[in-house]
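Following are the structures in question.
Consider the two complexes below, in which chain A is the common component and chain B and chain C are the respective partners.
Then we have the complex of A and B:
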């Protein structure tokens, strides 16, 4: 049965989560690392059966990564961003690929570009980069400009300066 | 993107005796269109070396000349001529089909006058090209000097080949 957005928000608030009402059909949910699997299982059980994407944000000044799980419900037509903050020095999260099979590729990608490890996922091999030996390239402390100048002899602004 | 209109009825390069080939082994000219990532570079080198002599290379668009708008990316090479010999370049982002036809006809003139023979340069200076190719494709030490904390097991398999 279709639930209204306000009902979904109420259920999530009752579970002690912080909820942000973003758009007509989108809400954001902040969860703690220890509760992540619990909350995702709960969302799945109330009809959020589709995981669209997993992505990460590097908050380098706060020393944290924010991993965002996008889940969608075909019944409620609501898109939830499940956000979890983890320590940058110990970037480990439990895998969700036994909840959603497609998480396999998203986790591989997040691991490749941010170096976040997903415990329980046995195949975190790189998908896109070949022979990568530096720190993961989408971390904020990775200087792509300097990297390009050193490795590819890139000229700043095409050599115009 | 410019090649389909160049090949089909509106610009019709076939009237100048220019046509697409199915495999590198039947081709005379290699057109490298757009930015070149490391993965692409590997395949470009393989394709180029498969082509029978005499052979020519047309670098197509700003990206192959100096990286274009992607010059400071972690995975885009900035100067194709460092890795394979380039006979003629077409600038533009993207070039018009007229520019492609013009470049190919200029190339024909250069071939007749003996100016275009970069494939000989490849054989003579093979060490230079090979060293550049290996530097980016088989790197073993981090370019920025930062070592990744995460384990990189299995990430360097390609380098050992």
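Then we have the complex of A and C:
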């Protein structure tokens, strides 16, 4: 049965979560790390069965990573950004690859580019980068220019930064 | 005897018993783009698959954090080569959502028309790749020639054949030139007539039926929970389409027909593309008929000084391969804080490769890939 956006928001608020009404058909949900699996299982049980993808944002000034799970419901036609904040120094989250099989690859990707570990995921081997030695590249403190100069031992001549 | 020739003779002698590794790609005629599967083989049968991604990783997500909002428009179409416009529209829609602006109606229709034209080019490329993988080169050449008719129109409209960079935050770059709509109508007529030829050459061809029937079956339930979207999902019976479920551009004003089939195998997916090709032609005609007059872009000031307010948005587009999504986070500055890209090919290209390919013959890998419309650039980004 199709639920209205307001009903979905009410159910999520009743569970003690912070919910932001972003746009038509789109809401953001902030969950705590310990509750992440419970909340995702709950969302799946009320019809949010499609995991679009998993990504992360590096909020370096706040010392936190934000991992975002994008879920969509084919029944309710609503997109939810499930956001969880974790400490930058100890970036560990539980895996969701037993909920969604394709999450395996998104977790590998997030681990490769942000260095976030997913507990319970046995294969976090790199997918894209070969022989990578530096810090994970999508972190905000990774400087591409400085890295290239160091890697190729280049002499800096000009440039705008 | 030295090692390499010893290996070869061993394989030749005990064909059924020795397992060997075969690199299917990154440089292989049956592979789409620089991507690869490392196949463990016994004889000609696949035992195990390891996707070998990363050859196309160009670091777009990092690069986009270092460029101005409008400069990134030159990067986003490169994430999917054969179907570039959904990237531009998704990225621009996300920006417009955060800014809270609505683009003029005529711009919405022009966006829709370019999106659907891009879908046609991608379908032609996809059908061509599929039949070429089965050895039918002639229809592939016809399809590539037909695709060029659409690319000519893109060149006339935007100045570029593949990467159009035509959609900008606030609308599209310019209005349709004189005579362009008439030519588009002519091209649509040509393509519609050509469909009958495709039917004879491809879809009524016993080779296609024999090779594709039953290959790579995906059930509706699996497709829905594993993130398979677009024509692949609809060929398994899921009547879901972003254009209807979460409409963008001019789709709220148009009557989009969602075509579904129940087969779920490679043959059904091939026919699905053909049916949707026909529907897309109708949709462009409908959009041309209902297109209003008016402005084609909002005045957002100097776009290279564009500042997007603090916020975040996810915008998605129904591309020819499925859901293409852009997750954009802004901190209020001149550059995006983070752009995350959801490509439609990852679930099929990485997950379903491991489910489908074992037990298949090496000859079928290219056709299997083409039937699921796997486009590696959007896996690697």
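As a working rule, the second predicted complex is superposed on the first by the 151 of 161 C-alpha atoms of A that agree within 3 Å, B and C clash if a C-alpha of one lies under 4 Å from a C-alpha of the other, contacts with A are read in each partner's own complex, and residues count from 1 in each chain.
Definition applied: a residue touches a chain if its C-beta (ideal position, glycine included) is under 8 Å from a C-beta of that chain, and two chains touch if they have at least 3 such contacts.
For clarity, every value in this text was computed on a predicted model and none was experimentally measured.
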{"item": "Touched partner set for A:101, first chain B, second chain C, both or neither", "value": "second"}
{"item": "Partner chain(s) touched by A:150 [first = chain B, second = chain C, both, neither]", "value": "first"}
{"item": "Touching partner for A:125 - first (chain B), second (chain C), both, neither", "value": "first"}
{"item": "Which superposed partner A:141 touches (first chain B, second chain C, both, neither)", "value": "first"}
{"item": "First (chain B), second (chain C), both or neither touched by A:79", "value": "second"}
{"item": "Partner chain(s) touched by A:133 [first = chain B, second = chain C, both, neither]", "value": "first"}
{"item": "Partner chain(s) touched by A:115 [first = chain B, second = chain C, both, neither]", "value": "first"}
{"item": "Shared chain A surface residues [contacts with chain B and with chain C]", "value": "126, 128-130, 137, 142, 144"}
{"item": "Chain B partner contacts - residues on chain A that touch it in the complex", "value": "91, 111, 115, 117, 125-126, 128-137, 141-155, 158-159"}
{"item": "Contact set on chain A toward chain C in their complex", "value": "22-23, 25-26, 28, 49-53, 55, 57-58, 68, 70, 74, 77, 79, 81, 100-102, 104-106, 113, 126-130, 137-138, 142, 144"}
{"item": "Parts of chain B lying in touch with chain A, wherever the complex brings them together", "value": "38-39, 42, 62, 66-67, 71-79, 82, 135-144, 146-150, 152, 154-156, 158-159"}
{"item": "Residues of chain C touching chain A in the complex", "value": "51, 53-54, 57, 59, 61-63, 66, 97, 224-227, 229, 238, 240, 245-246, 312-314, 316, 323, 325, 327, 329, 337-338, 340, 342, 346-347, 350-351, 380"}
